[in-house]
Structures are given as C-alpha cells and as structure tokens.
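Some structures to go through are shown next.
In the two complexes below, subunit A is the common chain; its partner is subunit B in one and subunit C in the other.
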Partner chain A sequence: MNNNMLEIKNLETSFFTHLGEVKAVRNISYDLKKGGILGVVGESGSGKSVTLLSVMRLIEEPGKIKNGEIFFDGVDLTKISDSEIQDIRGSEISMIFQDPMTSINPVFTIQNQMVEVIRRHMRISKELAIEEANDINNINKREKVLEDIEKGLRRKLNKQEALKRAIDYLGLVGIPEPEIRIKQYPHQFSGGMRQRVLIAMALSCEPKLLIADEPTTALDVTIQAQILDLLKKIQKELGTSIVFITHDLGVIAELCENVVVMYGGMVMEKGTVNEIFYSPQHPYTQGLHQSIPKNITGKKERLIPIEGSPPDLMDPPKGCPFSPRCKHAMQICIEEAAPLTKITESQYSACWLQDKNAPNVEGFTKSGGVK
Partner chain B sequence: MYSYIGKKIISSLITLLIVITVVFFMLRAIPGGPFTREKPLPEATRERLEEAYGLNEPIIMQYFIYLGNLAQGDLGPSFNQPAYTVNELLIEGIPQTAKIGGLAVIFIISLGIPLGVISALKSNTSIDYGVMIIATLGITVPSFVIGTLFILAARDISWMPVGGLDTPVAFIGPVVALSGYSLSFVARLTRSSMLEVLRQDYIRTARANGISEFKVIFKHALKNSLIPVTTYIGPMIAALMTGSFVIEKIFVINGIGKYFTESVQAQDYTLVIGVTIFYAAFYIFMVFLVDILYSVIDPRIKMEG
Partner chain C sequence: MQDREVLLEVKNLKKHFVIKKDILGHHVKTVHAVDGINFKIFKGETFGLVGESGCGKSTTGRTIIGLYKNTAGEIFFNNELISSGHDECKLLISKLKNELKNKLKELPETATDYEKDELKKEYNEKINIQKKLVEEAKQKTKKIERNPRDIQMIFQDPYASLNPRMTVNEIIAEGIKTHKLLTGQSINERVYQLLERVGLKREHASRYPHEFSGGQRQRIGIARALAVDPKLIIADEPISALDVSIQAQVVNMLEDLQEDFGLTYLFIAHDLSMVKYISDRIGVMYLGKLMEVSESDPLYELPLHPYTQSLLSSIPLPDPDANLRSERIVLQGDVSSPINPKPGCRFAERCRFAKGECFTESPELDEILPGRFVACHHVKEINNL
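For the complex of A and B:
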C-alpha cells in the first residue's frame, strides 16, 4: 500500500464540559512515513497531545473524537471496536508519557508490570512453535497444531519466557543489572531510569509506532540527552516509527526528520526539520525561532517574545488562531483561517501571506494559493 | 522486620501499662465506691466488704497488688456480681460480642468496598447517586434508630426474633444496625479513593499498554485505592469487635459492651479495668496489624523501627 505509518485526516476532538465545548483539536491532518521520526511542536494547549491521545483512543470523558480519520498502517483507528484498539495499544502502537515519576504503578514490581504487558500481547516465534509441534507424538494432533501455526495461531509466552524478554528489553534501554532491577519497585528507580523502564515496557511487544509525549520534559538536561540518544538508537536498530511531542525546538532539531508546528488546535506549518529551521514560512514558527536564545557564547542579544497569549479554545477566533498575536495580520486573517498551502514538495504553511494576492513581505514565499 | 515487631510489642506493653494506671487511679478518684448505695450499708458491713476485697489498703498498695495479679492473668473478682470473676464474665461476654462484630466486619468489607468501586466506575450516574444517598443515610441515621426499626419490624414478621442470638435470623438485626455507619463510610471512602486513583498517570500507562479495562480496575486501581481504606478498617474492626452498648441493649445480647456500661455505673472497679484492658489491647493489636498490612499493600512503606 502506501508508505505511511500514520495518517491523520481532518481530525476534530472536543471536550464537552459543562461550560461549553472546548475545541482542542480543530481539523488537523498530518502523516508519518514508515520508520520516520516526526516532531510535533507547540505550546501548552495547542492540541498536540490531544491529537495523539485521539490516535490511541485514550481521550477520556467528556472528550470525544468528533470527526476525521486516523489511518494506522491502512486501518482506520476511529472505526474499530474498543477491544480491537485494546489489542493494538501496547503491541502495534505504544505511548510513553511526560512524567515518569507517576507513570508506573507504585504498588507492583517492574517485573509484574512488564510481564503483564508482554503476556497480554506476545506470541512465541514461529520457529519455536514448529519445534514444539514436532515434539508432539500423536500425528493427528501434530498436524492440527501445525495447521494452526500456519494460520498464525501460536501460544502466548509463558512466565519465564516473558520474564526473559522483559530483562532483555531493560538491558536494551540501558538499565544496568536488569535481572536484579526487574524485581524492584518503581520507587527504587530514579526519574531517568523510570523513563527507560517505561520505554522498555512500551517497546517490549515490538510496536511499529511509538508515541512519545514530552518524555524528557520532567527530566534534567543530561538525562534528557541520554533519553533522546536512546530513542534515536531504537529508531535505527528496531526501525520503530516515532512521533515525538514536545515544546522544545532544540529537541526537535536533535531528533526529528519532519516537524509539525501546532497552534490553537490547528497545524500552522509542517515540513522537514531543515525547512522549519532555516526557512520557516509561518509567522508563528518565525516568532518561535526569535524567542529562543541562539547565542550562548556570552554576547548580549535581545529575545523577541510573541506578544499576547494563546487563544481560548472554548471560543476560538473565527479566522487564523494566531491572527490576534500576528504582526502581519490582515483583514482576511481575522475572517477566515488560511488553508495549508504547499511551499515545496514537503513544506506546507497555513498563512494568507503565501497567497498569490497577498502583499509581498520579506521572508515569505508566495506559492500560487487558492484565491 | 523482626526488630520492628519486637519494638512494636514493647511499645504496646508500655501503652497498655499507661492505660491501666490512668484508669485505675481515675476510677478511685470518682466519689463513692462499689459499695455505695442509695440507702447506705451499715458501717460494719461496708468495712468487712472492703476488707474482703482489699479496698482498705492504701491505694498505691492496691495498685501493685492488682498489677501482681494481672501479671498472673487474674483480673480479680467482680464487685457487683460477686458470684463471678472478671475473667469469667469476659469469657462469657466476648464470644457474643465478637460474633456480632465479626459478622459486621465481613458484611462491611464484602459490601462496602464493591459498592464504592461500582459507585466510582459509574460516577455521576443514577447508580452512583443511589448508592451515595443510601450511604449518606447510613452515616447520618444513628444505630439505635436502625435497631429500633428492626425491633418494630420483628413485631409484625413472625420469623424474626425480637432479641437474643438463638437463631441465624436473629443476627440480621444487630449486624445491620451495627454495620450501618462503617459500611457507609467504607463505601464513600472507597469511591473517592478509586476516583482519585483512576485519574493517576499509571492508570493511563496501563491503558496505553493495552491492559484490559477489567485488569486496569481490579488490579492496577483497586490495590492503590485500598491504602486509605485500610487505615480506616483497622481501628474499625477493633471498635466493632469490642461491641456496642446500644446494640447489645436493644437486642438483649449479653456481650461485653453491656457489661462495660453497667460496670461504670456500678463503679465495679475490677470489671471496668478488665474490659478496658481488653479494649485497649485489641485496639493496639489492630493498629499494629494495619501497619503490617500497609507494607504488604504499598512497598514504599518500609517497616523500620
């Protein structure tokens, strides 16, 4: 089929609170190719986490996916049943979260929790299954078992096999003495180690897609770098596709190939990491760059903040969500949100300045446009 | 672990000694005595009674004599029921009280926790509101009202006895009346604790790993949400097992709750201290048990002296 691991199409997710509908995600589309690393960047409340929680179907009451399609490996995740999505979670798509200190159940050992996940999803390898089947003496029974194996029916891992697998994965994510550490409880691990445990748990069933929701935000800087290196290694060695949610542009530059910039529940700009960093086309992306200190050698430099505050998603602006804060805002920006306009083969930006009728402003490429 | 238990036993014994001492001297500080009657006894009779029970000794001597006897397991004679020793009265009364109390504990745990869990899972639905309304009633309506309602009902229902503990049916009234408050409290506590735990990050992790909703709730959430419930249940068991004067009075049960109240009224020194020791020892034991249970449920709590 196509080459995309994940395709989000026109997704809308809202929270129906008693004060009114909070439109957290408003018509978002982006995709991730197989084996790639996609960065999703945006400030708090931009809808970046809600989008991916929608992918996992982990949106809790009173939240609801209102509209849109989410194709994972060709399957529309919004259409399948609760038990089907439960089978996919942890085995095909895994997710790791922001705060490792509170994300592991404190009253069970690491072993208990990892073995539970592995035995929930994993089947023994085909070779081992055939080997075991050949040991069956009764010929009829053996034939039947071999037939089942051909159909893909294999037994679950037993406790020892699951434990061995769990220890292997703890080793893979760089936990020293995994066979001892696995018997311990979460409180005996540091924050960085807990995030490694969570990554090991998430990877233990060989998911095709790993969603990392700000996994380094709660960790200190040296540990952050280690976790990022680990994720890079995983992507290279296991070929896992990764979606990385963050508000830190530095992390994006370090890790990702493609970037989606979100604001006010919408995609503002998407493109390769080079395009987003060296020729940003949206005023919001440009504003983000200007507000980050680049010069760390001690020379004085003035940071330019983005004036104003993020939109109220209960009553979002009619037009472009960034228009109230945008220094280039025009009348049309207030009235109507700009469509994502193609700049290059990979870069898209949702700004009216890209329209062919727009005034020429330095730093913006006009690209045909729709009006 | 063992040094922890050792230390705990020593501190428990010290607590118990303090309880005995305070109760012993406070009882004797109350005006009057076990042989004070509305119509005073003849002087000579009273003096001979006091001599017979050793009450003519100085108080400090009485205290050490009592401790000496206690060390041998002898709680002394009852002043008010001269035919019995305190040991005999306790041995007779405790099983009656413990039967009611034990059944109430089982009833509370097996009904209160599931009700709380259901309420939390169905929070803000009619099921939740129904359970919580009943639980609020259970907390606010006193046990003597529930007990009296049972007695009223027994008047019209032929198979329901009015009092005593002679048939299995007879247990229903006292057990329900005794459980009312604690049952409601446990249900409410489990509900709020469960709701709190279901919002935790590790529950989201379990769901994100594809763990079935059943296991998320009954494995991952329940064990965590029982930690505060355990805190309440320990002392609750002690309170229920040591009886309720009100319930025993209403349902005509000869348990120690009744003895206790009557002995205080009659200033029956030995019986008051005897029952107090039993209460205190049982309470201390339950708190100790809860401490151990904590470390079983929550590995973060370590048993260190």
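For the complex of A and C:
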C-alpha cells in the first residue's frame, strides 16, 4: 500500500503568453505523506501556487501542464477526464485561497454556498443508507438497493441534512452562533471569520487533502495564530493531509512537518522542518535564514540580504535559477541545473556543491553524492 | 534619556472621520481612527509603530505629515507647533447648543423667564470657553510656518506610489525643483548621486517605473524622499509588499542611510520581528490608542500590557523548537469597531484580565517602569510589580 497522499513527479507547467513561454514550474517532484502537513515556501513567482493549481487542474488558458504526473491517492490526476476531476475537486481535494474577500460569492448567503458544495459532493453514510434500505417493504427492491450500496452508490444528502452538516462545520471552525451566522452574507463577516468560513466550506466534504494557499497572509497576527491552531486541530482530529503554501518561514516552523523550498520554478531543497531550519544545505535556504531577524529577544545581529532580484521566468537562467545571486556559484551552476542530491533519508538539496566532484566550501557538509 | 533632543512630539492627537451625518448635519457615525495619543520621537532614533490593521498607525503617520488635518491635539516638530486641531471644539459647541435647545423644550410651561435665562447663561459660558479655544487654535495655526521639506514619507505599495508617466529622473527631481534647492545641470547630478546612494545606476534615471522590480521601485521611493534633505522620514510599511530576500536589502539600506544622513525614522509596520530589528523604541497601538510605549528590547523581553503580551506571543518564530517551547496566548474574537467606540479601555472586550473600571474608564498612558509607558488599570497586579 502506497503511503503517500500526493506524489508530484517531474511536473512542468508553462503559460504561453503573446510575449513568449513563461516557465512557471520546471520539473518539480515532491510528495506528501498521508495525514502529514507539508509546507511549500518560496517568493512570489517561485511557482509554489502554480504547482498546486496544477494538482487541482485549475490551470487555465494560456497555461498548460506540459509534462509530469500527479498521483493523488494512487490516481494520476493529469490523465483523468474533466468530469472525473470535478468529482474529486471539493470532495477529496479542497483548496483555501489567500484572499477571503474574493473567494466567496458576495451575493449569496453562506448557507446557500455551503449547502451547494455539500449537496454536490456528499453522499449519506453507509450505515444510514443500509438503515433506510431495510425500511423498504418490497424484497426485490430492497435487495437491489443493498446491492447498490455495496457498490458505493448511495443517495446524496437532502437540503436539511446538508444544512445541518454546514452548521456543524461552522461550529467546528469556531464561528459563534453558527445557526444565525449561516444565514448572513459574506460582507457581514470580518476577514478572520471569512477565512474560517472558507475553511469550513473546504472541510465540509471531508477531503483527504487540503491545499491552503497563503491562507493567513491577509490576516493580522493574532487572527493568524487562531487559524494556525485550527488547522493543527483539524489535522489531528480528522486526519486530513495538508499542503500549506506560504512565504513566511515563521509559519512553516510553527505548523509543518516537512518543507519544500522553491525558487524560480524549481525545488531547491526539501526535508523535515528540523533539517530545513537547523541544517539547511542549499545556499538559497541559508540565505533566506540569514535575511530574516532570528531572535526577537536578545542581541541584534545585522541581516545578511541575498543580493540581486528573483529571475525573469520568461527568460530563466540556463542553469540553476539561483546561480546569478549565489555567492558560491561555479561555472557548472550557470550551465546546468543541479539534480536533487540525497543528504539524509529525508533531506534533498539541488546544489552542485553537494556533488562528489565539488570543491570544499565553508559552511557545506558534502553528502556521499548519492543521486 | 531625558536630555535627548526631541524631534517630534505628538500631544493628544486625534483624527476622526465622519462617515454618516443626519439631515441636520449632526455627526451620527464617526470613526475614531486615532483617539488621543501622546508620544515623542528623539533625534536620530527609529520609533516603531505597530498594531493590527485598522488600529490607526497609518493614519497617525499621515496626520503627522499633514495629509490629514488632525481633529484635535497638537504636533510639534523641533519644538515648534506644526499642526493644531480644533474641530473637536467646534463639534462640542454644536453639541452644547443642541443640548440647550432640548433643555429649554423640556422645561415645564410654568418655568419663569428667570429660570430660562439661568440655563442659557450656564450654557453660553461653556460655549464661550470652547469658542475661545477655537480662536486660540486659529491664531496659533496662522503663525505656523511649516517647512514641508523636513518630513518625508515612504509608502507601502511601490507599484502605486510612483507616477507611471514620469521618468525616474522626473520623480526624484520633482521635490528639488518645487523647493528650488538646485538649478540646471546640478539637479541631474544630484539625481545620479541619489540613485547611486540607494543602489541603483545612473542609466536608470531615464527609465519609467514599470521597468523596475518591486525592490528597485522601493529604492526609487526612498531616493525621492531623500532628495529634499529631510530630517524625519515616515516609513509606512515600506517592506511588507516585498519578497523576504529583498526585505533585508531595503532594511539594511535604511539603516545605513540613517547613519550617514543622521535621519530619524517613524517606522510603521505590522511585521513585529522586523519592527523589533529596526526600532530603538516602539509604540503599540490598538484601536486608535497607544497601549504601550517602550524601548524595544525590554518590550519584547517582558511585555507589560496584556495586549502586547498576546500580540508578541502570536508571532510564529522561524525556529521550530522555540515554537514548541513558547506558550501562546491566543486572543479570542476580533478587533471591535472603531466607529463610535464604547467608553473604557479599548482592549477590554478581548482582555483576559478585564474587570470593573476597564469597561467604564479609559486608562492613561503612565510611566510604570523607567522609560516604559503602559495604558492599563491593572498593569501592576498582572505583572506582579
């Protein structure tokens, strides 16, 4: 049995604009364990959102998934039909977006929108279905219904059941008086409350995978703390796997178990949270750590910024995307992108300095060079 | 501390926005964006102003530079008055007049003229006091000779704060020309010099803003602010729109410039760890009021106000082990509305320690420990001082 909820293999996604091809995601692979929380960190334009939009098959013209495989619970999402992905979207994979103001429809009540999602995707539980079937008097009909139940064909929730479920989930995410609040419109909620509504909506169909695209960036720190606590609780209680996209290393450290560091459409480094924070192997990850204030108490150390600016994806560097800004860059870095080198069982770094032929540079522990 | 030179002093600063009037023109709904704050900024230091969105930190900055006219209170720059608000007195006058009218109506019909006159007299006295205040403020305002060069501003959004139809040269030179600081070719020389100072190149002068990245645009904004030799720079969230790796570049540059030109900064931001990094002293705002003002190190080591305590404990640290160790005080509920706020401490509704007088009386910002000002009724019990 495969232990991974999500496996992305050699994914390439591009946008074909009239100015040329924008290579947003260039050959990316990473995976997420069942029930785990994976953090994807990167700057704007690093391809972190496009990767997950590709997973949801939400890339629209002129964008296209050029290459690669995305396995969700064993199913390759790039190969299935549009109607099949629509069944998975919202029921098995849900997404929370950054801006809670624009991702809910302002002209419908919360009830309207939540009930729609639940009735589209949810079917009644097996126990309830069998109970209902046993009430049927006609033996032949009952047999047929029970057979259908075995095949997984159960009826969808009716309006009352869907409403009850919606209210339950609003309560779960900590909205006070959900029976009253559910009848209100989005503008009657504050930013933090709207984000909670979105989370409730995303969870209401018990997805196996929740993709959170910078869900706390637009919120204040005190509200952010509430939302992060909520996500942790959900992961623990419902066993939902979570992919959390952010640019804030603090949030990653707080929430995630595994981390993927992206830059210029490529994976620079991946590993467990302790590896990424306490023994970062890639110069970019190290640079990120040095450019943020580490301690909020104690002595002030001057920040060491990463000079230069992120690459132009229209015309990305031929080799490693980070090479123009890297202080260790060698000739090979400019010519060819480095493969992901295994450092430990869980940590991989895409840097030529990890190669067995690389010179020794201060601050680097070379691994065995296993590719 | 006391003998340091004060560059900017804000006394009881208020800025209210009227969002709804009734048909008689009386103010029904007023946003109390900034509601009576006091602080001083010393020469050469960086004063950080933090708080959640809607707490009035940006309004404070904009009022100081004069983009908004203050409703009440005074602003001193270099010990000279630069702005004095008297709108509140005017409001009070109309309120008093209304009250008088209503009281006269309420009087029983049997009331004598004498009684009426007494009432009128009483109110007229009050009104006259306010009128006098307005008159005084007007006189003071007339005398103000404000030098707009002294205070400059850096804005949050580097995409919206530069005119897309002007070249970089025109953007930076505009202030120099307006204030007639230089003429002819020397203007260009000055622009080149400024560009190089902020880490850009001479050639960039003839380009337009859209040709630059976010970080570079913020550098142009900084060069524009520096062009007129300001003494105080108000930086309103200058790094929050930038990528993490670029933020450090801009912050380091701001620090270098401060040293080279002897600048004073009012640094407004919501990123608490960056504010701590750059500021010497910090003011924490909540719903238009200052909750705590302190030097930055002691503030982060031992926050005294319950709001500051929970705010600081909410910062996710870039250190997985530290997050496991630290205890989080998660605030319940949302920031309440600044429209017609209730009396009492603004934080009372979300405060763990709130009781009795917290809901009726607004606490003053008092010096609890040397150099540490806290606005809380129960600060001593909470912290066992």
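Quick note on the criterion: the second predicted complex is superposed on the first by the 366 of 371 C-alpha atoms of A that agree within 3 Å, B and C clash if a C-alpha of one lies under 4 Å from a C-alpha of the other, contacts with A are read in each partner's own complex, and residues count from 1 in each chain.
Methods note: contacts are C-beta pairs under 8 Å (C-beta built on N, C-alpha and C of every residue); 3 or more make two chains touch, one makes a residue touch a chain.
Fair warning: this is a prediction, and the values are worked out from it, not measured in the lab.
S.K.: Looking at the overlay on subunit A, is there a clash between subunit B and subunit C, or do the two fit?
M.R.: Verdict on subunit A: subunit B and subunit C fit.
S.K.: By the touch definition at the top of the document, which applies to A:V273: first (subunit B), second (subunit C), both, or neither?
M.R.: second
S.K.: Return first, second, both or neither, reflecting whether A:L288 touches subunit B, subunit C, both chains, or no partner chain.
M.R.: Only subunit C is touched by A:L288; subunit B is not.
S.K.: Kindly classify A:I304 by the partners it touches after superposition: subunit B alone (first), subunit C alone (second), both, or neither?
M.R.: The second partner, subunit C, only.
S.K.: One more residue to check, A:V107. First (subunit B), second (subunit C), both or neither?
M.R.: In the superposition, A:V107 touches subunit B alone.
S.K.: Looking at A:L249 after the superposition, I want to know if it touches subunit B, subunit C, both of them or none. Which is it: first, second, both, neither?
M.R.: The answer is second: A:L249 touches subunit C but not subunit B.
S.K.: With both complexes superposed on chain A, which partner does A:E12 reach: first (subunit B), second (subunit C), both or neither?
M.R.: Neither partner.
S.K.: Counting only touches as set out at the top, which of subunit B and subunit C does A:L58 meet: first, second, both, neither?
M.R.: Touch status of A:L58: first partner only.
S.K.: Once both structures sit on top of one another, what is the angle subunit B-subunit A-subunit C taken between CA centres, to the nearest 10 degrees?
M.R.: Nearest-10 rounding gives 70 degrees.
S.K.: For the overlay built on chain A, what is the smallest gap between any CA atom of subunit B and any CA atom of subunit C, in Å?
M.R.: Here the least C-alpha separation of subunit B and subunit C stands at 10 Å.
S.K.: Where on subunit A is subunit B touching in the complex?
M.R.: Spelled out, the residues of subunit A in touch with subunit B are 56, 58, 86-91, 94-95, 97, 99, 102-109, 113, 116-117, 120-121, 185, 187, 198, 201-202.
S.K.: Can you tell me which positions in subunit A touch subunit C when the two form their complex?
M.R.: Result: residues 43-44, 190, 192-193, 220-226, 228-229, 247-255, 273-274, 277-278, 287-294, 296-297, 300, 302-307, 309-310 of subunit A touch subunit C.
S.K.: Any idea which subunit C residues touch subunit A in the complex?
M.R.: 52-53, 213, 215-216, 243-249, 251-252, 270, 272-274, 276-277, 297, 300-301, 310-320, 322-323, 328, 330-331, 334-335
S.K.: Spell out the part of subunit B that touches subunit A in their complex, as residue ranges.
M.R.: Touching subunit A: residues 200-202, 204-213, 215, 220, 223-224, 297-300 of subunit B.
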